[in-house]
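First chain A sits with chain B, and in the next complex the same chain sits with chain C.
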Partner chain A sequence: MSAVSSFSPVDPNHLGHNDLSRETEWDTPGRGEGGPASKSVIVSYGFWIFLLSDIVMFSAFFASFQVVAGNANGAAPRFDLSNLAVETGCLLLSSFLCGMASLCANRRRLFGTEIFLLLTGILGAVFLTLEIREFVGLIQQHQGPADGAYYSAFFALVGCHGLHVTVGLLWLGTMMAQIAAKGLRPDMLRRLTCFSLFWHALDIVWVAIFSLVYLMRFAP
Partner chain B sequence: MSQQGIAREAEQGRDVGPGLGLEGHEDTSRGLRSYLIGFALAVGLTAASFWAVQTHAIYGPGVPVALAALAIAQMGIHLVFFLHITTGPDNTNNVLALVFGVLIVFLVVFGSLWIMSNLNHNMIPMKMLMDMQR
Partner chain C sequence: MFGRLTWQAIPWSEPIPLIAAGVVGLGLAAIVAWVFAKGYAPYIWKEWITSVDHKRIGVMYCLLALVMLLRGFSDAVMMRSQQVLAFHGGGYLPPDHYNQIFSAHGTIMIFFVAMPFVIGLMNFVVPLQLGIRDVAFPTLNSVSFWLTAAGALLVNISLVVGEFARTGWLPYPPLSELQYSPGVGVDYYLWSLQISGAGTLLSGINLVTTAMLLLDRYLGFHFFTNEMGGNPMMFVNLIWVWGHPEVYILVLPAFGVFSEVISTFSGKPLFGYRSMVAATMAICVLSWLVWLHHFFTMGAGADVNGFFGIMTMIIAVPTGVKVYNWLFTMYGGKVRFEPPMLWSIGFMVTFVIGGMTGVLMAVPPADFVLHNSLFLVAHFHNVIIGGVLFGAFAGYNYWFPKAFGFRLDEKWGRRAFWLWFVGFYTAFMPLYVLGLLGMTRRMQHFDRPEWYPWVLVAAAGAGLITLGICAQVIQLAVSIRDRALLRDITGDPWDGRTLEWATASPPPAFNFAVMPNVKGEEPYWGMKTKARELAHLLTAEPSYQPISVPRNTATGVVTAFFAVVIGFAMIWRIYWLAGIGFIGVYAAFVVFAWRDRSEEEIPAAEVARRDRENRLVRTSALAKGA
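Showing the complex of A and B:
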């Protein structure tokens, strides 16, 4: 199948390469062995590069936090361990349910996908609520972002993760509406793959945060 | 159509994007098993981290090391069982990107800590500096 012969009125010159009817039908000779990779591979790989650069950004926040925390002689509070455990459990279960949603989507189970995405979102919202409550408590105890270098670095790092979760929830809500309206089309499946990669990556960042930022304070 | 295409590409030894390794297979039992194993291991490692800071069974100065080891192990679990990054030939590009990312993360974190501790060690404390300027 050559790219020129199939005329599409939406995008006649295939500028966007988004002809939905020809997804992954690459047997074109002459463009590398067997042609370029399928669009879903390209999209998820590109998103993987973005996620890695996002993690590099988080590493800069981690570095500044570790430097400041190492010089904060007992300035940090002892965080609430049970609150942290619930937060961690919520995010981990949410990540697992997001995986269940993508399994449902693979089998084209629209209802199951939506239900699991909803549960993912609810657990993410519970996580966010607990985190905001913790932040408000800290600020009320005059341990807010303006009260010393330790708290500036702490709020920058943990707040940045919380901001990612917030953006993820907005993305999740938008995508649930899109899936409900458009069905599990190939482009929706690609977005779902990107979202689940994003959500799992946020959980990886949270593993680093709860171990190295929170639990480190409890180490003797 | 699209998912079958991915399965075909994987069989032909072509690249598979991250998170796509399990798609295109008709039965989801393999995917479900992967997520369940990953979830169980992640819960176990998280519980171990919380236990490590509350117990007295571990030698005190060793606790931070244990926490770091458990965190790195759990990140690996997430990568393998949730993001489906494998060492297979179809995943070479994903692994290469990951390795480069990890390299940068290590350079940023340990480079910063090294430089800052070196500065702490070699520079005159602020109070002494103030006294000298009087």
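Showing the complex of A and C:
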């Protein structure tokens, strides 16, 4: 500890937090009012950041879809709108049921939580089945991802969302087993919060897909 | 059964990669054998590989970066020597191999040297500076590190099994499409980036862009193909929308290192703290508005090029604010020219030159001349070496005593700096000239006599940098030998100003026995000044409480193992093996999620013992009137 400079203003930028004249308690533990944030707050915050980066990824898919779709003159297929309506209904309803599961969990009702999670999962699986059926139909009509840039962009964007739903279902199943085995412990509740954030975010992405990919086909 | 993988994948006829791989393999085997023979294996497994401590993970990130620096630098030496020998001749590297070398050099230096180095330094020091006990998600941190290491491993596997990309560090289509690059090289690139990118959640756009190229190559998609409505320029746009912010992601943490080092070694608080913060935020925003300057030659038109050219010039303004702030921090201070400070001053000079050549190229008409020339190569090495790498070395010298409890040898540190510094100028200033003389980048051979002298000088510069790296290796060896002499007893070897110097070196697993009470931007300096005035520690001994720290877990390393399996299997189209890999990753996560105890408690007595030791040496240091 040699060579100490004599030049040592305590609050060089006049931020006003470092007034040693009224400093009597360097030994106060903790970090100011309220102390550190609770673990559930930290976990949810971190998951929000993850969701934002996921949305950045989706936005790149959306942007490239728009670029490619603009170049593809009339390449888009005639989508089956009733299929689309059922898909959308399933996903939105499953989001609602996921919210019900969260409410049950907050009241520590294990059975209700599991039932609503199960229903959420079933509707998600129905959505996925319908989507796969649509994909298979398109591929059979030679409108698969290798049949032109429009289809590449379509399959990548919608498929990426579908992949998210698949991962979500895997997560959901694992989490239901865990809740059954370990009860509604604090760490399970945190994971449930993250899952519902994820599931609702997928809904929002789906609304964008629904509007931009499917409905915009009918825009004049 | 084994997809495209056959015995022909190993380049039996090319001695250079075989010998290199043999040496690396033998070295690794020797290290592993030594670890087991000495009985260190359990220690390394328990204390390092499965560790979720941010300090350990930070150190491992830096170690990975240093090892990969050697790999990337040997590529650089090969390129320089090839160009010397290939004047009016073929040199010793066939074009095919040469193309793989410059591609691997760029990929490795950006993704597996610069990124891990700055992430490692941040990992190590930021929680300490904030006065907290760990990062928010310790296990995720460990998974990220191991995935990065997995990506690095895949790049190195390509040395022996198959080939690496021949497309440059950003695989522009249509060259990188299956039609023109049928081999596995681009696949090695794509999978190592996807795996290490999955580790760093930041890289959303990069992930999606490489994913789209992946789809093109694997499933016959047409995002970037020229036929069937695809658009190769979309790749170039997307990759640089990610790529330009990426270079600022690299350099901003390095700027942070310089701010710390310059303030500490000038014995003064950072000048213009608030303008520094504002400049950082301005750079963050502007970095998203300049990507098109990487391809003015795309022909987007005068208006678009003009906009991006002007935005690029504007980004020099907040950077200039920072440079002036560092200069004014030194002004009037008692500057101590120790190695971290030398790297910082070297940075200021070098980076300003690199920045100015950048502004030159931001003028679209000038860029049409300089595009793809060695002038560009000189520019980005000037800012990345002068900015990021010098920053990483400054941080390495500065925080080494905090991490290991002893300083690095100063004499060899100075030698390393001067060799690097002079070597850098000798190696890269000629490239500016060569660029202006019309030499393009990535040339395997050439026949213009007026280029030859400059190529020789550049090669000599690479030789000086080689000596600099040798000096760094010697510095490390000498420091380990003399560690008793270089011991950092108090935990504050540089008369520091921020909180990481308030705890012991190396810090205990819990970092701080009692969470420090932070007031103002130089909390430790405030405590220390007061303590010196009163000639005793400010705080009475606290009542120690037991501290919970996160439990170690093998999740990271197991996930990375399966990620390598997936990557390798997908590169060679061995789909059943990839399926096993995916199941393995899922199983690893379920096992992790199923555990009941996520934290371990360090008893109060142990906390007290560690803290009392440090209080004792600090008290005696104060008594000596330091």
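In the analysis below, the second predicted complex is superposed on the first by the 190 of 220 C-alpha atoms of A that agree within 3 Å, B and C clash if a C-alpha of one lies under 4 Å from a C-alpha of the other, contacts with A are read in each partner's own complex, and residues count from 1 in each chain.
Here is the rule we go by: contacts are C-beta pairs under 8 Å (C-beta built on N, C-alpha and C of every residue); 3 or more make two chains touch, one makes a residue touch a chain.
Predicted, not measured: the structure shown is a model, and the values here were computed from it.
Judged by the touch definition given at the top, the superposed model places A:Glu134 against neither chain B nor chain C. Contact with both chain B and chain C is seen for A:Ile42 once the two complexes are overlaid on the shared chain. In the superposition on chain A, contact of A:Leu212 is made with chain B only, not with chain C. Of the two partner chains placed by the overlay, chain B and chain C both lie in contact with A:Val67. In the superposed model, A:Arg107 makes contact with chain B only, not with chain C. Once the two complexes are overlaid on the shared chain, A:Phe50 sits against chain C while remaining clear of chain B. Contacts of A:Leu81 after superposition: chain B is touched, whereas chain C is not reached.
Using the contact criterion defined above for the overlaid structures, shared-chain residue A:His200 touches chain B, although it does not reach chain C. In the superposition on chain A, A:Pro145 makes contact with chain C only, not with chain B. 23, 25, 42, 45, 49, 53, 56, 60, 63-64, 67, 71 are the residues of chain A that lie in the contact sets of both chain B and chain C, per the superposition on chain A.
Of all residues in chain A, those touching chain B in their complex are 23-25, 34, 37-45, 47-49, 52-53, 55-56, 59-60, 62-64, 66-67, 70-71, 81, 85, 88-89, 92-93, 95-96, 99-100, 102-103, 106-107, 186, 189, 193, 196-197, 200-201, 203-204, 207-208, 210-212, 215-216, 218-220. Interface residues of chain A facing chain C in the complex, by the touch rule stated above, are 1-5, 7-13, 15, 17-18, 20, 23, 25-32, 36, 42, 45-46, 49-50, 53-54, 56-57, 60-61, 63-64, 67-68, 71-72, 75, 145-153, 155-156, 170, 174, 178, 182, 187, 191. By the touch rule above, chain C contacts chain A in their complex via residues 131-132, 136-137, 201-202, 204-205, 207-209, 211-212, 215-216, 219-223, 225, 228-231, 234, 238, 241, 266-270, 272-274, 332-334, 336, 490, 492, 495, 514-515, 517-522, 525-527, 529-530, 532, 538-540, 542, 586, 590, 593-594, 596, 598, 621, 626.
Every residue of chain B that touches chain A in the complex is listed here, in rising order: 1-3, 5-6, 9, 12, 14-20, 22-25, 28, 31-32, 35, 38-39, 42-43, 46, 49-50, 52-54, 60, 63-64, 67-68, 70-71, 74-75, 78-79, 82-83, 93-94, 97-98, 100-101, 104-105, 108-109, 111-113, 116-117, 120.
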